[in-house]
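What follows is chain A paired twice: with chain B in the first complex and chain C in the second.
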Partner chain A sequence: MNAFVEVSDLSVDFKTRNGVVHAVRGVSFSLMKGKTLGIVGESGSGKSVTSYALMRILDAAGFIAGGHIEFGGIDIGAATEAQMRDLRGREISMVFQNPRAALNPIRKVGRQIEDVLLQHLQATQGDAKEKAIDVLRQVRINNPEERYHAYPFELSGGMCQRIVIALALACKPQLMIADEPTTGLDVTTQKAVMDLMADLVRERNMATVLITHDLGLAAAYCDHLIVMKDGEVVESAPARALFRDPQHAYTRKLIRATPHGSAAIRDLLPEDLDAPAAPIAPPPGEPLLEVENLVKEYPMKSAATPKPGEAAATFRAVGGISFMVRRGESVGLVGESGCGKSTTSAMVMRLLDSTAGSIRFAGVDIGATPARKFASSQYRSKLQMVFQDPTDCLNPRFTARRSIADPLMRLGSQRGARAVNARVEELAALVGLPQHLLDRFPHQLSGGQKARVGIARAIAVDPELLVLDEPTAALDVSVQAVVLNLLVDLKARLAMSYLFVSHDLSVVRLLCDRVIVMKGGEIVEQGECEKVLTNPSHAYTRALIEAIPHPDF
Partner chain B sequence: MTERAELQDLASEAENPQGHEPEGTVMNQPLPALEPAVPASAPAARPRTGGALAHIGYVLRSNPMTMIAFVLFVIIVIAAFLGPLIAPYDPLQSDVSAALQPPSAQHWFGTDDLGRDVFSRVLAATGLDLMIAVSAVALSFVLGSILGSLSGYYGGWTDRIAGRFIDTIMAFPLFVLAMGIVAALGNSVVNIVYATAIVNLPFYARVSRAEVNVRREAGFVLAAKLSGNSDLRILATQIFPNALPPMMVQISLNLGWAILNAAGLSFIGLGVSPPTPEWGIMVAEGARFIVSGEWWLALFPGAALMIAVFTFNMLGDGLRDIVDPRQRT
Partner chain C sequence: MSQSKLRIAVKRLAQAIPTLFGVIVVTFILTRALPGDPAAYFAGPAADAKSIQQIRVALGLDKPLPVQFMLYMRDLATGNLGDSISTGQPVVSDIASRLPASLELTLTALVLALGIAIPLGVLAATRPGTWIDHLCRAFVTAGVSLPVFFTGLALVYVFYYQFGVAPAPLGRLDFAHFPPPAVTGFFVIDALADGDPETAWAAFTQILLPAITLALFTLAPLARMTRGAMLQVLSADFIRTARAAGLARQKVLFAYAFRNALLPVITTLGMVFSFMLGANVLVEKVFAWPGIGSYAVEALVVSDYAAVQGFVLAMAILFVAVNLLIDISYTLIDPRVGFDD
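Here is the complex of A and B:
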């Protein structure tokens, strides 16, 4: 059987201010109908650019510099723009990373599906609505007749991604390209969406290209994998073979860096690194943070003016939770988006006032000090935080040096510019940030370097409790491996306690002694990390664990 | 990661091969074990890719309109500061024998009805017009930013009251409002400045409110709170500087508009009074002579006014690119 999509020696160049950038160099692969090809790589590897070249939707500065793309007998490189317009959507379609950005926010989702159908003459004005509802039903949306009238903002992230998949599949294309289709979705939603895609692809015998940074996901859903690095394919093999016997050093490094099975934290680092054994955590001491019956309620907008005699309707983001973090302990706070874990961490950090309940830190009720006044509290320096998005958490107008110095200037014991500067350099050394990067602005740093700046800033004033809000969610796996190891080492060196907020159980397992599972503002389960993960007592915990994609070979 | 961001990564990598890649390769002493052998000769410092001047040069080269605007701007500033010194004649010296002469080698822009040299007067007026515009814009920038930043950051009642105040100003035709203010406060240059500042206030308040509002919950603001900064300090040192690039565009556009406003007020007889050289008055006085064929009286000050407004309007975009550190790579 002939290959349906044949890419040979593809190169894509971009003209930039600093000269021509070779984003993709000599990439070849072929794909048959009914098969799924996974393109795996870290950011900047050229995996998205490759798929854009397939659809010829490179932006103005980019062009196909060499090679040949053949799709079902059509030479994509030589096709006219009119032919391409006809192919896109009808023959080749794409599912984008951020479903909310891919949907028009002011048009009903049903209408958006109709648009595609009408554009490619798959429906007439008369039967478009019927067909659109049928497409919605195929992506397993309940009540498709009602959902037809929904706007994207009324739907959850997973629901939006289903709509995007419905859009992509509406015209029964032959090839679907999914660019990180589940990044940013919860792990259970991810499983639902990926299973749905796999089923639809099988039913229709379509060819699929799945672009992802997540090796586990790629392994679970792809037949063949290609691994890209710096615009080149370093390895191409059937999924099973790639995992069993990776040939290239980079592939091995990636597989190692992906949290898997029973691997310990040091196992994530490349083998040739020969790191000393992970520090053994001292037995947890007395309670450092005690949270009791913590509640956060928000007034509902629709009931802004309640009728007399009626209590105002409120939304309970956090509904009376209690937990404890001991000195020297790492506690994981796990749950899906909207479960109240971020709200909880914001209240513990005193960025947000609680509605009820108490937060005691080292025996003192810090919850009694309003968040607004906490900046001048003596406990401010004891509670610090590492944020989720390393880009968003750095002021774009501050250099790395200035960002790290910020807490020192307000809370530190250093006096004078020289002392502050010396401390900044000490901190940079501690987190492994090269000194010459200190004078760069955030946009001149890579993701991992920005994460280090964020960590250096958080530990600058010797905190006792560090809240880590998904500190590696935005990082590549190999960078995540290094940052997680750094966090483990820092905790031992500086005798801190961690509250690790995350949706990723496999990462929590590596770092935490105990884990707290939250759902809908309540704690459903808490206990020793190993015990909860190997023998969960609550059905929700089990669902979370099962949804983690992992290669079973 | 978006394709564009990936590209930037690629670009920065291409530009300095050892700048980006070494995740984990460059850990320092405390965690030596995580560090694969890095040759000791590896250059520690990487060459900075050009400073502020090189960046300004790049912005100017890549955008010819900005370049033209920049050159004109320099000329206007020189004229404003050195105008009275380099003017060939005394702008106030009348010479009835030489009245209403057309442009010639002696009088480049001709002379007016009292025999004063139009070129000298246009030159001398630059300083006054620019001074009015700059002080009015500075005043409204400061007041508008404070008002807008506070309402953007605190929201609630602060925002509502400030918002209605601004709406009230915007409810009047701006030029008519400026006329009213000058008429009420009295006919003086200072009052023109106040009037122009008040009618410009809403633009700054709105831009800064919007820019501050979107950053109120940004990660770096939360981080600054954790660093023990008070609300006002965060607003002034962390958030507001990020609102500057769009404000720069506003400032530049407004400078042109403020010059026009000042000239307009003078044109209808408010503000600057004769014989002070000022573009608006000169156009107003010259207009009477156009019918009788002495076109140069109104044309040259009018052209100067037009070029000044054009310059400031063109300058805006370039100025934003220069001020924003993210445009520097």
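Here is the complex of A and C:
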């Protein structure tokens, strides 16, 4: 059987102010109908650019510099723009990352599907609406007649992704390219979306390219994988073979770095790295943080004003939860978006006032101090936080040195520029940030380096409890592996306790002693990490665990 | 328009009432705080202290300020803005005759500016770095850097004095034509409605040069905003989706990109309009245009309280109306408006 898509020796260049950048170099692969090809790699590996080249939707500065792309007998490189426009959406279509941004915010989703149908003459003005609703039904959207009139902002992330898939599949294309289709979605939503895509692809015998940074996802849904690094393919093999017997050192590093099975935290690091054994956590001491019946309610933002005599509707973001973090302990707070885990961590951090309940820190009721005044509390330095997005949480106008010095100047015991500077350098050494990077601005640092700055800043004033809000969610897996190990080492060295907020159970398992599972503002389960994850008692925990894609070979 | 959007529109309208009241109070106090004595001006240079005092009593200026204010408010409630001491006419009729002149000029200029600025901005954004982008930049730079009285005088010099293709810059109509019966107060439209194309053409040629002068000035922020907004929208993810779906270029550009880019353009449009209406005094002066801007300046110079207050009030009402229109067009374009509110 002949290959349906044949890419040979593809090179893509970008013209930039600093000369030509070779984003993709000599990439070759082939794909048959009904098969799924996974392109795996970390940020900057050229995997997305490869797919854009396939559809010829590169930015103005990018162009195909060499090689050959053949799609069903058509030479993509030589096709005219008009021919390409006919192919796009009808023969080749694409599902994008960040579904909400991928849809026109001020056009009804049904109309957006109609646009595609009308463009490719799959519908007429008369039956377009009916056909659009039919497409919505095919991507298993309940109430498609009603959803037709929805705008993207009225739909959840998972629902938006279904719309994007509906757009991509509306004209029954033969090749679908999915570019990180589930990044940023919850793990159960990810499973639903991926299963839906896999089903539709199978029904229609389409060829699929799945681009992802998540090896587990690639392993679960792809027949063949290619691993890309710095614009080149380093390895290409059937999925099973790739995991069983990775040939290239980089592939091995990636596979190791992906949290998997029973691997311990040190197992994530490259094998040639001689890391000292993971510190053994001391037995947890007395309770450090005690949370009791914590409640957070928000007034409802409903359009209808409540009738007189009727209490104003409130939304319970956190519905009376109790838990405890002991000294030296790591506790994971797990749940999907909207479960109240971030609200809980913000209340514990005293950034947000609670509606009811108490928060005791080392025996003192810190919940009694309003969040507004907590900055001057003596406990402020004892409770610090590492934020989710390492880029957004740094002031773009501050150098790394200034960012780390910031809490020291406010809360630290150091007096004078010299003492502060010495402490900053000590902290940089502690988190493994090379001294010469201290005078760089955030945009001059890599994601991992920025994460280190964020961690150094948080531990600058010797906190006893560190709240970590998905600290590695925005990082590549190999960087995540390093940062997770750094966190484990720092905790032992500085005798801190962690409250680790995450949606990723496999990461929580590596880092935490105990885990708390939240759903709809309530705790559904809590207990020893190993026990909860291997033998969950609540159906929701089970669903969360089962939704994690993992290579089963 | 849905029920909730209608409610927002009504709410915005209600929010304007305190604003208007504030404007009334502030202008009342400010006009009283201005140097100059209207009684002395009204009495003329030959008057003695006694006759000035008489006039002051006649104008009600001898009473304490709070009483004056109450009287002013009572008159306002009956739609009486007082009499202008410089023209001797009721302020209401002065404004009614002059506001349409300003509105006609401003709206014509705005239509002209929009007609040039939006296509220019869109073209510049879709072809960055090309000659049309440079042309856009040149227009914007010239528009903001050339003062209106200069462009006005230059246009008069070239088209009236040198080539003689434009009529004399002497107001809304030359002496050969009579103003058409007032319906809208816009001469061109009124003359056409009256079935008098000759007068309509005469009024049109009169308004052309001042409108171009004003349009050149207004064009700059509009073209700039259109270009910027289009560039930003064109780099958005959903434009890539639309391209990947194979949608035609026109569809992507207009149905997807342009509609999204319209929002900031409309905001700018509202600001520009409000600004133009009051600030085109210079253009009105150059072209002897009997508009409201020149009226207000003349009134201010002689401390003509009633006229100044009437002018400010009219402007405030227009301002509120324009803002309301913008809010409504926002809710029509952007479905998200009204939900975060």
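Convention: the second predicted complex is superposed on the first by the 547 of 553 C-alpha atoms of A that agree within 3 Å, B and C clash if a C-alpha of one lies under 4 Å from a C-alpha of the other, contacts with A are read in each partner's own complex, and residues count from 1 in each chain.
Everything that follows uses one rule, which is that contacts are C-beta pairs under 8 Å (C-beta built on N, C-alpha and C of every residue); 3 or more make two chains touch, one makes a residue touch a chain.
Note that the structure is a prediction, hence the values are computed from the model and not measured.
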Original post:
Can A:G521 be said to touch chain B (first), chain C (second), both, or neither?
Top reply: neither
**OP:** May I ask you to decide whether A:P105 touches chain B, chain C, both, or neither, giving the answer as first, second, both or neither?
**Re:** second
Subject >> Partner contacting more residues of chain A (chain B vs chain C) >> reply: B
**OP:** Check the residue A:A23 against both partner chains and state whether it touches chain B (first), chain C (second), both, or neither.
**Re:** first
**OP:** Name the contact category of A:G38: first (chain B only), second (chain C only), both, or neither.
**Re:** neither
Subject >> Contacts of A:G332 with chain B and chain C, given as first, second, both or neither >> reply: neither
Original post:
Between chain B and chain C, which residues of chain A are contacted by each of them?
Top reply: none
Original post:
For chain C, which residues count as touching chain A in their complex?
Top reply: 4, 236-238, 240-249, 251, 255-256, 259-260, 333-336, 339
Original post:
Which residues of chain A touch chain B in their complex?
Top reply: 14, 16-19, 21-23, 43-46, 48-49, 52, 59, 97, 230-231, 269-270, 272-276, 349, 351, 372, 375-376, 380-381, 383-385, 387-389, 392-398, 403, 406-407, 409-411, 428-430, 432-436, 441, 443-444, 446, 448-449, 454, 457-458, 461, 476, 478-479, 481-482, 485-486, 489, 493
**OP:** Report the residues of chain A in contact with chain C in the complex, numbered from low to high.
**Re:** 55, 57, 84-90, 93-94, 96, 98, 101-107, 115-116, 119-120, 151, 153, 164, 167-168, 303
Original post:
Which positions of chain B touch chain A when the two form their complex?
Top reply: 1-15, 20, 23-24, 26-31, 33-36, 44-46, 58, 218-220, 222-231, 238, 241-242, 325-326, 328-329
